[in-house]
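This is the structure I want to talk about, given as structure tokens.
Every chain is named by a letter (A, B, C, D and E) in the order it is written, and numbering of its residues begins at 1.
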Amino acid sequence: LAGLPMAAQASYCGDGNTLTFAGIGWESGDFITKVMETIFAKGYDCKTDTITGNSITLENAVATNDVQIFAEEWIGRSDIWNKAESEGKVQAIGDTFAGASEGWFVPTYVVKGDEARGIKPVAPDLKSVDQLKDPAIVSLFSDPEEPSKGRFLNCPSGWTCEGVSTAKLEGYGLGDSYTNFRPGTGTALDAAISSAYKQGQPILFYYWSPTAIMGKYALTQLEEPAYSDACWANLTDPAAKHEAACAFPSVKVAYGVNSEFAKAAPEIIEVLAKATFPLDQVNASLAYMVDNEVDAAKAAEVFLKEKADIWGAWVSPEAKDKISASLN
Amino acid sequence: MSMSGIQIRGVSKIFGAGADKAIALVEQGLSKAEILEKTGCGVGLRNITLDIPAGEIFVIMGLSGSGKSTLVRHLNRLIEPSAGEIFFDNTNVLTLGRKELRAFRTNRISMVFQSFALAPHKTVLQNVIYGQISRGTARKQAEAIGMEWIAKVGLSGYEHRYPDQLSGGMKQRVGLARALAADTDVILMDEAFSALDPLIRSDMQDQLLQLQRDLAKTIVFITHDLDEALRIGSRIAILKDGELVQVGTPNDILANPANDYVARFVQGRTAVHA
Amino acid sequence: MFPESLNFSIRKPINHFVDMLVTNYGSTFRAISDAILQVLLLIEGVLRGTPWWVVIIAFMVLAWLGTRRVVLTIGVGIMLLVVGMLGLWDQTMQTLALMTMATLISVVIGIPLGILAAKFRSVQRIILPVLDVMQTMPSFVYLIPALMLFGLGKVPAVLATIIYAVPPLIRLTDLGIRQVDHEVVEASTAFGGSPMRILFGTELPLAMPTIMAGLNQTIMMALSMVVVASMIGARGLGETVLNGIQTLDVGKGLEAGIGIVILAIVLDRITQGFGKPRRFK
Amino acid sequence: MFPESLNFSIRKPINHFVDMLVTNYGSTFRAISDAILQVLLLIEGVLRGTPWWVVIIAFMVLAWLGTRRVVLTIGVGIMLLVVGMLGLWDQTMQTLALMTMATLISVVIGIPLGILAAKFRSVQRIILPVLDVMQTMPSFVYLIPALMLFGLGKVPAVLATIIYAVPPLIRLTDLGIRQVDHEVVEASTAFGGSPMRILFGTELPLAMPTIMAGLNQTIMMALSMVVVASMIGARGLGETVLNGIQTLDVGKGLEAGIGIVILAIVLDRITQGFGKPRRFK
Amino acid sequence: MSMSGIQIRGVSKIFGAGADKAIALVEQGLSKAEILEKTGCGVGLRNITLDIPAGEIFVIMGLSGSGKSTLVRHLNRLIEPSAGEIFFDNTNVLTLGRKELRAFRTNRISMVFQSFALAPHKTVLQNVIYGQISRGTARKQAEAIGMEWIAKVGLSGYEHRYPDQLSGGMKQRVGLARALAADTDVILMDEAFSALDPLIRSDMQDQLLQLQRDLAKTIVFITHDLDEALRIGSRIAILKDGELVQVGTPNDILANPANDYVARFVQGRTAVHA
């Protein structure tokens, strides 16, 4: 090794390692992963790979260094991640995008109606969470399995947001009038929302943005009391009694990486630290996928071709040239 | 006439695929062995025409594999003929619809199988009353009839045993009781006594004769035992390689065997009460 | 690699078809769904409303009637007690309601279809590839449209469970009947047994060991769908498993998994007991 | 409700045990995993490296040799062509490699175990509850520790597939051998047939229809695990299904689902063909 | 002496659970029917002591269900006795280990089953050569032997057929050929001719006699046909309800029947070449 002329180029990729991404299934994660993969493959001559899986297995794989980068990690949302982070096995780098938010939603036609589809507003005054107690509103969201109650579609079981929303339901005093319906998977939640939306029916659910659902459908977030640290501490403590609740804090979405990898590949970490997608850009790309019925790879290609001004700032000039060249 | 018995008219049966080709060869007069070699088809019966009068014990004899079982299976249509017709009291059995066929089988004809064919999951009694139950007899009554026949074939004490707990001859007697308990006009008996010892056998022969005399049942009886045939048969038919070689009263056959084959079959016996 | 020039896709028409169904016929399907739901809720209500010890005793009585085996009867009692002690009683009753319903419907559908397949070669020829599809088409592919049409929860869960679990019962009923000794059937025919009597008196009893192997597989496969059922919002043990998995809490998942296994064993042993001919008990 | 005072939990000890395993024996398990992986990669390499038309012809030849039925042979060709035309050739070959491996290992494990269970009542008594666990314990419960030990990807996928798919083969081999006509076996014994000759010459051939029903179920269940396999990082058709599901793209999921069904049908028909006695072809 | 035949010493066989209790009742001398009623156990054999000399045709007769099949199945240990011992050339058959037992069955003893027990998935030829192949004979050679025996029982042309394509008597002949082709010292024949017609039957009897004369085979032959027993038997044993009633040469038995039962059995025949 000593004989090699100044192995200054000694880098993670240069040493022949494969840079493995988590193959995230949802649209934005898929899109971002495709963009970053192309950047490292073309700009930094990395051997790249993507491994599919559901998010638990993939997060776990980051902890074991089977996967190096989880491109859209909603920090604090998954117990697996929290545990691995506290053990120092993984860390969050940069911000994948800023301004992600979460909350409780209803379709906008519930409040405003939708003339084009002939839907009348059924709850024109509905604005905030505290109105949900109103029996008229409860009966709007009636649960077929327990018709006397309304149905609140929570986050899938096991996600951190599920615990928080459960605590909120109690905190807002809605526990007796709504069933806390946990759909089991993100897919089930999405299917329920999109089915209700297509049929113009009222539905009350937890959701987050940026997402394809959020891009596709007109949704209205219900107002909640302002966020406070004390309130949040109470909501996230499963043992506590919840008497009041408040809004979600703004969410940090970052690149989740393996800690050993982070040590071994500072040049990659440097790029990740800078690579923040503007929120409207993510939304635009998601809309592009929906409108044109194309997959994330195509959207990533279009983004890289057309928005060099955005991603150009994340990489070194040589890398930028190489990437641009590869696109043509 | 009210009881006209069974008429078999030109019945042939070919086993195996390509029966058409084989039946043409049968008409050309090729032998069973030749046809087997040429087409792979087995000739079961060839052009059998035969009258079985009502109220008689009609015995069928012949070499092993000569088509005896095949012939009697045609009578209750367990086998469909490749050619020919079968009349039963002047109705063509082959044209019976599903329902008529079932009624025919429950009320008119029953059978003792060469291989017993008992239901392994049913007790002796349940096996024996099968025919009666099929016909709609109330279970109580059917069981009384069944117990009677079980006693007559010497199986009292075994009515709640299962077939796999019986000896070969006992199984055969269950099959026998099953056919007799069905109380039909016609009973087909395919080597029904072959597994019985001489004592029980002669007892059974007596019962059969009595049944025929008292109730005028028509019994088609396959046997290999010439003594038995002579003792109980009103008439004897002899088959060879699927062909009918001779049919007549026992004395006819003993006195005037149609050919050498029949002569060898009845060798050493002379006509009685001739 | 396969040449791209030959490619075609059914993706868009399918997606548009699903959209159309959901948009236009959603309410019809909801009505159907609600009817099924009422039955389910009834069973569940009974099971959850009954005190735990009554349920355990009821199952022990069933086990005794089915098998006449003391050890097994006590075993059933202990296993159900374990479920309760693991703190899973309520979830277990929810899952039990779902599985009982799915198994019952599977038997009602599966055995007659198996019989038809055994009797008519044409039915068999049509049914076999359908069963292949039912067993191997990933359930979420049809669950998504089902979710959209029937709503989240128990109804699509029961449907998916039946679709996945009924094929082995159909297949083995078919096989069992075809394997019945031809001579015995022939004898029944010769004595004028009606097709129904031959079927119920001879063919089904003799095919019983094979049919019961099918029912065993149906129960096993139904219980292997518990987690999928929870993925679409059916409550019960599956939800606990899912929660354990998603929080990497293997112990929690295992506890609920044990609950599922116990349910499977209890349901299986009892049904097998009833399926065994009296002679061999 | 079940009284809480009776509750106990095995959750913590299990979790600690898993932690301990991962921490202390992780590298050992990785080594095992790598060995299995090599074989898998070999099969996959061959399948993916061969031109598509060669693969299709090879399968048609196999179908012909197994079944001697023209329609079926052509059907196999057309179905594989459809997979290619749906743009799923490469994924299909990956899945095929995984499934071939899992099915082969299942046969190698399942038939001998089934035979042992049929021969020794004690083996049967031990094996049956284990099979119940294998079929109904939700796979993720054991997959999570497996993932931690073996790493992501094909190896745990093959393991999970075998665990889930092998039980019906064991069960039906057992049942088939027990159902063989006792008299025929007795005759073989009376003529001094060795246990091996009786097994291979008499029992297995006569049990074949039932064993083949088991193999059919094993193949069906293996292919029903394709999506789970992809959830833990195995490439192939399951990946496409998963992606389709997560984006509510029913059409995409359905296309890949059709690919899975086709694989199931092709594998099943060919193995069934080879399992049928020559006399009935 | 080198050929000492088979000695059966005090063999009893009880079928069913609770054999101990039943065997006590047997010792108290209760009848078969009484024991069946009391314990549900079937008495197969009770305290049979019998010598079967080597090189003879030894005939066993008796009522149906009297234990004949049960007795011969003890000789090759298809059934284990509930009590008693069996010696074969002075070695106790019941103490043979697995391997020895197998060697004993391949080389020394073969059997014709009352219910044929053919392998349904094997052709006639494959069935017939089973014993030879078990013994390790090369397939070519075994097939030559098999074809020879198939011809001798009159089944040439059927060697590649399957059992379900044969008539009852043909199946029986396959079973016969299988036992004869095994070429063992002892052949157990359980009603081996019961389904055969008189012509083939007498032919088979001749072959059996020739076999015994030329190769000094020991043949244990169960039959219900007294003529047959008298014709081929060197010695006849008569069973009743599991008990041995009489054993002796045909003339002994005809001349001095041990009791009324035996007398009825041999009724109407007189001692020949006395």
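Please note the rule applied: contacts are C-beta pairs under 8 Å (C-beta built on N, C-alpha and C of every residue); 3 or more make two chains touch, one makes a residue touch a chain.
Note that the structure is a prediction, hence the values are computed from the model and not measured.
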Which contact partners do subunit A and subunit C have in common? D
Counting contacting C-beta pairs, the top-scoring chain pair is C-D
With chain centres defined as mean CA positions, report which chain is farthest from subunit E. A
Please tell me the distance, in whole Å, between the geometric centres of subunit A and subunit B computed from their C-alpha atoms. 82
Here the gap between subunit C and subunit E, centre to centre from mean Cα coordinates and rounded to Å, is 52
Using mean C-alpha positions as chain centres, tell me how far subunit B is from subunit E in Å, no decimals. 29
Specify, in ascending order, the residues of subunit C that touch 2 or more different other chains. 12, 140, 144, 238, 244-245, 248-249
Can you list the subunit A residues in contact with two or more other chains? 56, 60, 187, 191, 194
Contacts with 2+ other chains: residues of subunit E: 115
Could you list each pair of chains that touch one another? A-C, A-D, B-C, B-E, C-D, D-E
Subunit B touches which residues of subunit E in the complex? 15-16, 33, 36-37, 42, 61-66, 68-70, 114-115, 157, 165-170, 172-173, 191, 194-201, 224-226, 264-265
Contact residues on subunit D for subunit A in the complex? 143-144, 147-148, 151-153, 230-233, 235, 239, 242-243, 245-248
Subunit C residues within the subunit B interface of the complex: 181, 183-184, 186-194, 197, 201-202, 205-206, 277, 279
Looking at the complex, which residues from subunit D come into contact with subunit C? 1-2, 4, 6-15, 18, 52, 84-87, 89-90, 129, 132-133, 135-138, 140-141, 144-145, 164, 167-168, 171-172, 175, 179, 209-210, 213, 216-217, 220-221, 223-224, 226-227, 238, 241, 244-245, 248-258, 260-261, 263-265, 268
Residue numbers of subunit A touching subunit D in their complex, please. 23, 25-27, 30, 51-54, 56-58, 60-61, 64, 66-67, 186-187, 190-191, 194, 212
